[in-house]
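What follows are several structures.
The following pair of complexes shares a single chain, subunit A, combined with subunit B in the former and subunit C in the latter.
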Partner chain A sequence: MTSTPNATNWTGALRRSAERALPPEKLLPESQPSYVASWIYVFGALTMAALGIIIATGFVLAIMGPTWWHHSSTGHFINSMHLWSVELFFAFMVIHLWGKFFMAAWRGNRVLTWASGVVTFVISIATAFTGYLSQTNYDSQWIATQAKDGINATGGGALFNVLNFGQMLMWHITLLPLGVGILVVLHVLLVRHRGVVPPFAETKDGAK
Partner chain B sequence: MTKAPKRFNPDRDVAPWTGPMRRYDIAKEVTICFLVVAVLTVGLAVVFSSPDDKAVTLQQWASATPVDFATTAIAELDGTSGTAGYGGPYNTASPGQSILGVSPSTIIGVHIPVDAAKDFVLSPVAALPDDPLAQQALRSYRSATSTQRATWDAAYETAIASQAASYRDGHLVVPLGNYGPVGVIVNALTQMARSGALDATMLTEQRFFSTDFTKPLLFLSDGNYLANKAAIDHLQGDQWGMMNETGSWPGQAWLWLYTMWYQVPGLSTSPNADLQVWAIMMVLTVVLACIPLIPGLRSIPRWTRVYRLIWRAHYAAKP
Partner chain C sequence: MRGISTAPFRLHALVNLNHPNHFLQWGWLSISRSNAIVVGLMVVTFMAAVAIPFPGHGDADQEEVR
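Entry: the complex of A and B
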C-alpha cells in the first residue's frame, strides 16, 4: 500500500517547507563562494565553540550545586574554565559582530540574521550577568546591590529581583541559556538558509 | 497595474553570486575551533584561575566595624537609611526616578515589601527571647508615641555619630543622652549580629528553606562596610565598578558602554541617572538591531571601506 502526499497534512507541509528552505546540501555544504576566505569568518565558529565549553562546564557546576566550587579544588578549576570560556565567548562574539557590521552582512534579505545575532548578544549579556550574581561570594553580593538600582528604576525589579539568589540562579541555568540556545540555532539556520553575504560590487571609484 | 521594481540599493541589496566556489569543510572548522577553544580555556584556567572572595556576613560587618553597624541600625529605625527611603519596589517612601515626568517604579508599585525599621531592627531583636532587657526596651519603644520615638532615635543618632562612640567590653559605648530604650535595642541587635544569629534570623524569617537574600543584602548595602571594601577593589560606580572584578581578573568588560554613561558629567550626578542610562541603552540596543533599516547608519560599512581588508583576496583577484 502506498501513501500519497496530503496537502492538508500539517506534518507533511512542515517537512516539505523545511526541505525547501534548507535542503541537506545547503545545511551542510561542502563548498562556499570564493570570497569566503578570511580569518574573520572563523569567529562565528569560535563563538559557538566557546558556548559549547560554557555549557559543558555549566552542566558540571549545576550537577554539583552552586557552592561546590568554593570548597573543592576541582570545582574551583571547573569554575575557572566556566569564567574563561565566557570571557572568550564575548571576545569572539564582539569580533564576529564587528566583522559582520563592516561586511554589511544584512544585505540581500539577511536583516533577520543580523537582528537575531544582536538579540543573542543582548540575551548573552543577561545570562552572564545572572551568572555573576550566582557566584555566592562577595563579588555577587556587590554586583547585586549595585545593579538593583538600575533595574528597580525601570520598574523591572518587581519581577527580576537581583537580590534574590534563588531567582537569579534559575534564570541563569534555565531560562536565559534556553533563550541563547534557541537564538543561536535560529541564527545559524538563517545563515545557512541565506548563505554568506557577497562582497560589495566595486567600480574603480568604490562600492556601487 | 504592475508594481515598479525596487531600485538597487548597495546597502540593502546584493546581486546573486555567479563567481567560482571553493572547497569549505564546516564540520572540520567547527571541530578544530572547539579543540582550540578547549585548550585555550584550560590553559587560561590553569594559569590565571578565578577569583573567589568570601561573601561578607552581617557578623563580619558588626565585628569589624560595630559603630558603623549601629549607625546603620539607627538609620533603619528612624527612616533615614537608603532602604527606608528607597521607594519602589520596596516601599512608598520615595517617588522613584523619572523621565519626562514618568516614574516606572511608582507605576509598578510595591512588590517586595520592606519595612526597614521592623525587618532590620525590631523583628530580629524580638527574636531574642533570652534577653529580657531587650524585650522590655522593645515594649517601651513600641508603646511610645511616634513623636517620642523620633526624639529617642534622633538623640541616639547624635550620640552614635560622636567621636566618643566606640565598642568596648562587649557593648556599644556612646555619650549619655535622651534616647530612652533605643540604646538597649541597638546594642542588642549589634551583639546579635556579632554572634552570627542575625544572619540566620534575617535569612530564614520563620521559613526553613530560603534562597532570597533581599533583606540582608539591603541592610548590608546601607552601611559603609561593603562599600569601603568595594572601593579598595575598584568596584564603586565611579570606578567603572559594574564591569570590574575583584582582584586583577577581567570582569564583565562587555558592560563598558553601560558603565561609561555613569562617568559622564551630568549623568553621573543626576538623581535620575539609573533610569536615564537604562533608557539610553535600550534605545542604542534597538538602533543596533535595526541598523539594516536605518538609512545613513547602514551605509557606514560602504563608506568606511573596511570591507576591503576582509575581502582583500577577492578584490585582489578582480581584473
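Entry: the complex of A and C
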C-alpha cells in the first residue's frame, strides 16, 4: 500500500493491477520471438478476421430483415457472405486448435488461454445452431423440429425452446455473439499477458 | 428489372447438389462425402501451414527477433 490518499480507491487498484498484468509494451508489442514466424501462427488472426466479417454482415442482415435477404440479389449476397465467413471461421478455428494442440500451447501457466478457446468453440457452435434456426425458411423449420426432440431428451427444452423463433433469434443476434466477442477479447489478452509459448526445443534443455 | 429478382435461383451450383448425400462408411464411422472433403482440405491446409516457410524468414536457425 502506498501513502497516497487513493490507496484504497478501487479504480486506482484496478488500474495498477491492469498495468501490472498488461503494460503497454506487452499489450501492443512491436516484435515477437523468431519461432512465431510460421503460417500456423496466422490462424488465430484469420479466425478473428472471419469473425469480423460475420459480425459486419450480421449487422446488415439485422438492419434489412428476412424479406430482403430472401428476395433480393444483394440480400442473397450478404446472406451468403455471412454463411461462408462462418464456414471459414470454423475451419480456421479448428486448424488453429490443431496447431495449439500439437505444440501443447497450454504449457507454462497458459491453461486459461486453452480453456477460453474451448469455451469459445462451444459457444460458437451454439451461435451457428441458432443461426440455422433464424433463416426463416423450410430448412430452419426442419432443423428446429428435428432438434426439439434432441433438446427435450436432455430436459432443457422448457428453458431453451428451439421451436420459439423469437427466442432463438434473440440468442443468435444478442446473447451468443456477445459471449463469443467477450471471450475472444479475453483469449487474446491472455495470449498477450503470458507471451507466446516457446517451442519444446526451447524449454527442454535450458536456453536452446 | 425492378422488384424481386429471380437471378439467384437461376444460377447453377458449381457442383450438382440436387441428389441425396453420399455417405462414406468405415465400421462405426459414418461421414458424408462433402464433410469428408472439407475435413481433408482442412488437414491439407494444416500441413501446408506447418511445412511452408513464412516469407522473409527462410532460415530456420536464425535466432533474431523480428
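In this text, the second predicted complex is superposed on the first by the 193 of 208 C-alpha atoms of A that agree within 3 Å, B and C clash if a C-alpha of one lies under 4 Å from a C-alpha of the other, contacts with A are read in each partner's own complex, and residues count from 1 in each chain.
Definition applied: a residue touches a chain if its C-beta (ideal position, glycine included) is under 8 Å from a C-beta of that chain, and two chains touch if they have at least 3 such contacts.
Owing to the predicted nature of the structure, the values given are computational and were not obtained by experimental measurement.
Student: Just checking: does A:73 make contact with subunit B only, subunit C only, both, or neither of them? Give me first, second, both or neither.
Tutor: Only subunit C is touched by A:73; subunit B is not.
Student: In the overlaid three-chain picture, which partner chain does A:164 touch, first (subunit B) or second (subunit C), both, or neither?
Tutor: First partner only, subunit B.
Student: Is A:32 touching anything from subunit B or subunit C once the two structures are fitted on A? First, second, both or neither.
Tutor: Both subunit B and subunit C are touched by A:32.
Student: Mind working out whether A:139 is in touch with subunit B, subunit C, both or neither, as first, second, both or neither?
Tutor: Touch status of A:139: first partner only.
Student: Of subunit B and subunit C, which one touches more residues of subunit A?
Tutor: The larger set of subunit A residues in touch belongs to B.
Student: Counting only touches as set out at the top, which of subunit B and subunit C does A:94 meet: first, second, both, neither?
Tutor: both
Student: Touch test for A:40: subunit B only (first), subunit C only (second), both, or neither?
Tutor: In the superposed model, A:40 contacts both subunit B and subunit C.
Student: Quick check on my understanding: which residues of subunit A belong to both its subunit B contact set and its subunit C contact set?
Tutor: Comparing the two interfaces on subunit A, one with subunit B and one with subunit C, the shared residues are 31-34, 36-38, 40, 42, 76, 94, 99.
Student: Which stretch or stretches of subunit B touch subunit A in the complex?
Tutor: Within the complex, subunit B touches subunit A at residues 10-15, 17, 19-27, 29-30, 33-34, 36-38, 40-42, 44-46, 48-56, 86, 88-89, 96-97, 104-105, 107-109, 111-112, 211-214, 217-218, 220-221, 226, 229-230, 235, 237, 241-242, 245-246, 249-255, 272, 274-275, 277-278, 285, 288-293, 298, 300-302, 304-307, 310-315, 317-318.
Student: Considering only the defined contacts, which subunit C positions touch subunit A in the complex?
Tutor: Interface residues on the subunit C side: 4-5, 7-8, 38, 41-42, 45-46, 48-50, 52, 54, 56-57, 62-66.
Student: Considering the complex alone, what residue numbers of subunit A touch subunit C?
Tutor: Interface residues on subunit A, with respect to subunit C: 31-34, 36-40, 42-43, 71-73, 76, 91, 94-95, 98-99.
Student: Applying the document's contact rule, which stretches of subunit A touch subunit B when the two form their complex?
Tutor: 28-38, 40, 42, 45-46, 48-50, 52-53, 69-70, 76-77, 79-81, 83-85, 87-88, 90, 94, 99, 101-104, 106-108, 110-111, 114-115, 118-119, 122, 125, 128-129, 132, 135-147, 149-150, 152-155, 157-159, 161, 163-167, 169, 195, 197-202, 206-208
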